[in-house]
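Note that the chains are named A, B, C and D in the order they appear, and that numbering of residues resets to 1 at the start of each chain.
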Amino acid sequence: MPKRGERGGVIDALRDGQQSAPMRFFSDNAAAACPEVMAALAAANALDTAYDGDALSGRLNAAFTDLFECEVEALWVATGTAANSLALAAMCPPHGAVLCHRDAHIQNDECSAPEFYTHGAKLLLGEGVGAKLTAETVTAMLDRVPAGVHWAQPHALSITNASEYGLVYTPDETAALGELCRARGLGFHLDGARFANAVARLGCAPADLTWRAGVGALSFGFVKNGGMSAEALVFFDRELAAATRYRRKRAGHLLSKGRYLAAQILAMLEGDVWLRNARAANAAAARIAAAAGPERLVVPVQANELFLKVTPAEAAALRAQGFDFYDWAEGEIRLVTSWDTDPAHTDALANAIAAL
Amino acid sequence: MPKRGERGGVIDALRDGQQSAPMRFFSDNAAAACPEVMAALAAANALDTAYDGDALSGRLNAAFTDLFECEVEALWVATGTAANSLALAAMCPPHGAVLCHRDAHIQNDECSAPEFYTHGAKLLLGEGVGAKLTAETVTAMLDRVPAGVHWAQPHALSITNASEYGLVYTPDETAALGELCRARGLGFHLDGARFANAVARLGCAPADLTWRAGVGALSFGFVKNGGMSAEALVFFDRELAAATRYRRKRAGHLLSKGRYLAAQILAMLEGDVWLRNARAANAAAARIAAAAGPERLVVPVQANELFLKVTPAEAAALRAQGFDFYDWAEGEIRLVTSWDTDPAHTDALANAIAAL
Amino acid sequence: MPKRGERGGVIDALRDGQQSAPMRFFSDNAAAACPEVMAALAAANALDTAYDGDALSGRLNAAFTDLFECEVEALWVATGTAANSLALAAMCPPHGAVLCHRDAHIQNDECSAPEFYTHGAKLLLGEGVGAKLTAETVTAMLDRVPAGVHWAQPHALSITNASEYGLVYTPDETAALGELCRARGLGFHLDGARFANAVARLGCAPADLTWRAGVGALSFGFVKNGGMSAEALVFFDRELAAATRYRRKRAGHLLSKGRYLAAQILAMLEGDVWLRNARAANAAAARIAAAAGPERLVVPVQANELFLKVTPAEAAALRAQGFDFYDWAEGEIRLVTSWDTDPAHTDALANAIAAL
Amino acid sequence: MPKRGERGGVIDALRDGQQSAPMRFFSDNAAAACPEVMAALAAANALDTAYDGDALSGRLNAAFTDLFECEVEALWVATGTAANSLALAAMCPPHGAVLCHRDAHIQNDECSAPEFYTHGAKLLLGEGVGAKLTAETVTAMLDRVPAGVHWAQPHALSITNASEYGLVYTPDETAALGELCRARGLGFHLDGARFANAVARLGCAPADLTWRAGVGALSFGFVKNGGMSAEALVFFDRELAAATRYRRKRAGHLLSKGRYLAAQILAMLEGDVWLRNARAANAAAARIAAAAGPERLVVPVQANELFLKVTPAEAAALRAQGFDFYDWAEGEIRLVTSWDTDPAHTDALANAIAAL
């Protein structure tokens, strides 16, 4: 299992030497916005009420309530970091702690945004293959925290589905964690930056990975999946929403023309564009994984990320053929497919890896 | 002078009864995005590097350096609240204080976002007609703070140009404040949510209202002026930018597809679209002000906001004719024009007010 | 009414020129610790359990429950600033607001400690003679805050009894505020840095100024009244105590040898030493006030502080006679008596003022 | 090496079943205050100026400057947690990170006080026997943090001497870390809760363990070593002191009768009482360690803490003889000696362990 600290750096933006490469597999954040999103922005481009008082923002709750088959409160925000941090702030007081995996995005890639929004709550880190936690590992984490005021007490659990290593939590795995949270009085947050990829993979109802499994708040990612600048924070525990609306404003995340965010989300929910996009990304990853063969896979490929074992020479050979990707740990690379990855690029990459 | 507390509420979104009115003058936040912005978004819609590593984001510093005739560091953010708060956090430690007008947006309309970003710095409030401060009033504010650790010491001054009452600070007025800041060791922040309207009114160089007058950081508003979701935080004091880039990420404001924000800003800078839009809004306001006559004006109209003295019966008469606007203080209403206010609506409103 | 901002500085420590004066009336903070406190410290000086697990700390709840005739949770802390800030943090979320008087200690003399502990809640300031608020002024303050996420909503009211100008709130006045808090869903905090002086003045039950009047949390001051380093934070709303115990630890206020703080408090509660001390201080102030006559009093003298109208020449004359005190506003001085003010000094001062 | 998470709890206060035991070895926090401290409190018990404007507080800088043979700024605070957290807040911005050992007190025993004072800085955790870090392990920690705004960048290193396992850092070991901090631009904080024990053990100059080795700030513990309620925060990097004085006030740690804290510290510095006390505690621990023999020691005994390997039956046998101590990890107990540990108790314990 690669350890986070062993990789050299994550930001695609910093990888200047690779920016001219024609076939990019380094981040789904780099993909374009899908046509439905662009059309929705154009359609929304008229005078309306400011902030989230407009007609489109007013439809969010109903749209997500339909999708999840239960009453929810849904807020748009501009980034997944904001969605995650607002959710954690809703669940954990400043003197509390949030449990998450050592490789969690909230721990490693958000520059202490959770600490900013929660006013200094601690993240307590657990272990597990592929950035996944289990009820057993979380129980052990809980048992390590003594009772008493000298220790920040756990108030919430946060997992990521699909995980930071592209693995999915099944409904059952999620429910086991949800049951533990219920028993121990913890809030349960799901970082769903790639929730669409997980749902697409599992073919289950969105409800099965969320409230039916005990999840109280979901950061529902759209940007990596063909959106432009809108993510949704969905509260199944609706009591958390009211204070969050204040926190969103206070964090400068209540855009004055919020209708353009609502428009993006509604466009991707309509006709299941979000699932179509995720399926396309997953399929491209599966195509490459099949060509690579199980020996090369650091972990199984279940969503749109691949972690492959390659030698430096092999990595260089792939790059020489025009493939742009990311070094991860020693002897490992990360490849990410997107909703709009060119099938020709996918085929070319699959063939190149098979030929290594 | 209307007192802030006496108005009933500001959010247009909450004024449900007015939302069906056909001729809206209640907020420039409600206006559409201008065609150049929409075209730029479409043009930017392709794969590029994530966050602010893309080509468009990379052009921001140069574009603003050209505009301001000096080297600057410029960051996109999604809201003016975020821009203001990041600027203040860069200038004031948690145990310090920021001086501003009692009617300042940062005090009244941002749900303590400055306190969130600065980790609890105090806002010390001054008085002045039309939400404007002077070197004299600020000096008096400074003199009221005793030395010593029992009192949060002032570290920054924040003014708004055009002000919350639609008045402009001239270059000389700004420079007097800037000189005071320099002498007293204060950072100097300019909330320029309607900076374009101020520049359009004054016909001066943008530099004259900013760094030449001692301003260290500018929240340069684009959204109220025809943008969709991008504001610029411009640092003339460039040393403040480095930590701010971390704070922006930490606040969840580093959008993963930042190129769409950069695109909006660059489109509005190019060919002075920002000035064209602001001039249109100012002209519409001037047209109405002229029709209203000086007796009705609470303060002179210098930008795109009008504060008029009207009786409740007069206000009702205007609304009955289809004009949508906002009650402000007792016996006063606020009207705001936009870059795209329909000239026919402007004429109709001017005539209706003249006929009161 | 003197405006706070007009005085030159409060810290006695900074008034170096006055430190050699033999007859000090500038602060009750400067007084010694009373004999009962010193004896209790000596008696407590043995091995016991750390933090607040010792026998003396274990008696606090019962001691205050007796005193207040209702079940309370009581915590020792080392300063009134910590007590006040912990109470406010228990009552107000970071995105909320606390109502207080413009002259409140929490606003003016604690270097934004409330903002630190509440993580940036806003203090909304009201007016009133002698630093006192009324149900009417607080209602007006509440009515000035619009509903909606753009404005930090009030979550708590904080008053000071005796006030920063040495006036007392009667049980009825307090109860009117308490009823308002109940009706509007606000927490009600009482800064009782000089609570003893207020009770001594009013001759009422401590309960009448606190929980019977709707107070949820009291900062019960002992240090100004003959203690050395212990204040009590008393929760009538006992549900607020649990999280506060974590916040106290997190703020570094859980002393590892807490028994020495508990000992001080218990010693001052026993035999009503706290009342005896306060009565002595009040009596000294009353003696001086009587000599000064009503014309000289800025506000009536009801506790142990006097605010007198004197000319600069008169102030100088008093100082020339060896009296040490504090300039307050233009043409006003502040004099404070203590539990141990020497009666000879009191007499001398009374005579000197009468002779002005 | 015992892992922190595996012990059941630390607070002595909670170990109710042991509180009646006559021979207590569970915490130096439980010890009494030494006679010099009590005498100094009595001597200081007179009217003086408030806060830290009194004569005793005014002597602190000079006293520590003498002790450390260089100009320092020294502040009293009431707890080590406050001293540590203030030091870290002075060295690390909210968006930064502090490096420390996984077993550090600041990580494990302060309920996220460092996160409170730093406004959410991250603690990055390293490994090492006996809670000690080396230049090598710290270098590896630094190298694991990628450059860029997505990651909280290290701004400070904090070590504890004597460590949480009772090991000392030598001057050379400290200097190697100090050189690394200098080279990498990190602040260097020393948690000296048991600094006296380390100096007593090493026989070196206090300067050799601090500024000569690159330390910028020291939390100098007095309470565990015979004090009552005063610790010192000593800045060798004196530029950090000014803002810290505001932060101390803002945290409610500027006691209004600060002279009683200064008095304690001065009393323990005078005549090297602090060293005498530490030597006594160390000697008692050494006596027990010698009796136990090296096989039983989890780590060598270098200060006043012992970690012994004992079976549950052996631990029970010791308790049955009246010894009160603390279970640590599986099969391990912790024993702590104090400045005033009764030699008869020490002998009895040594004999009992030898006889196991």
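Assume contacts are C-beta pairs under 8 Å (C-beta built on N, C-alpha and C of every residue); 3 or more make two chains touch, one makes a residue touch a chain.
All figures in this text were calculated on a predicted structure; none of them were measured in a lab.
Between A-D and B-D, more contacting C-beta pairs join the chains of A-D. Centroid distances built from C-alpha atoms place C farthest away from subunit A. Note: centroid distance subunit A to subunit B, computed from Cα atoms, is 34 Å.
For this pair, subunit A with subunit D, the centres built from the Cα atoms lie 41 Å apart. Annotation: 50 Å between the Cα-based centres of subunit B and subunit D.
Residue positions of subunit A touching 2 or more other chains, listed in rising order: 11, 14, 94-95, 110-112, 116, 119, 149-150, 152, 246, 249-250, 254.
Listing the residues of subunit C that touch subunit B in their complex gives 4-11, 14, 94-95, 97, 108-112, 115-116, 118-122, 143-152. Within the complex formed with subunit A, the subunit B residues making contact are 11-15, 19, 24, 27, 29-33, 38, 41-42, 45-54, 77-83, 85, 110-113, 116-117, 223-224, 228-229, 246, 249-257, 260-261, 338, 340. Considering their complex, residues 93-95, 119, 149-150, 152-153, 243, 245-250, 254 of subunit D touch subunit B.
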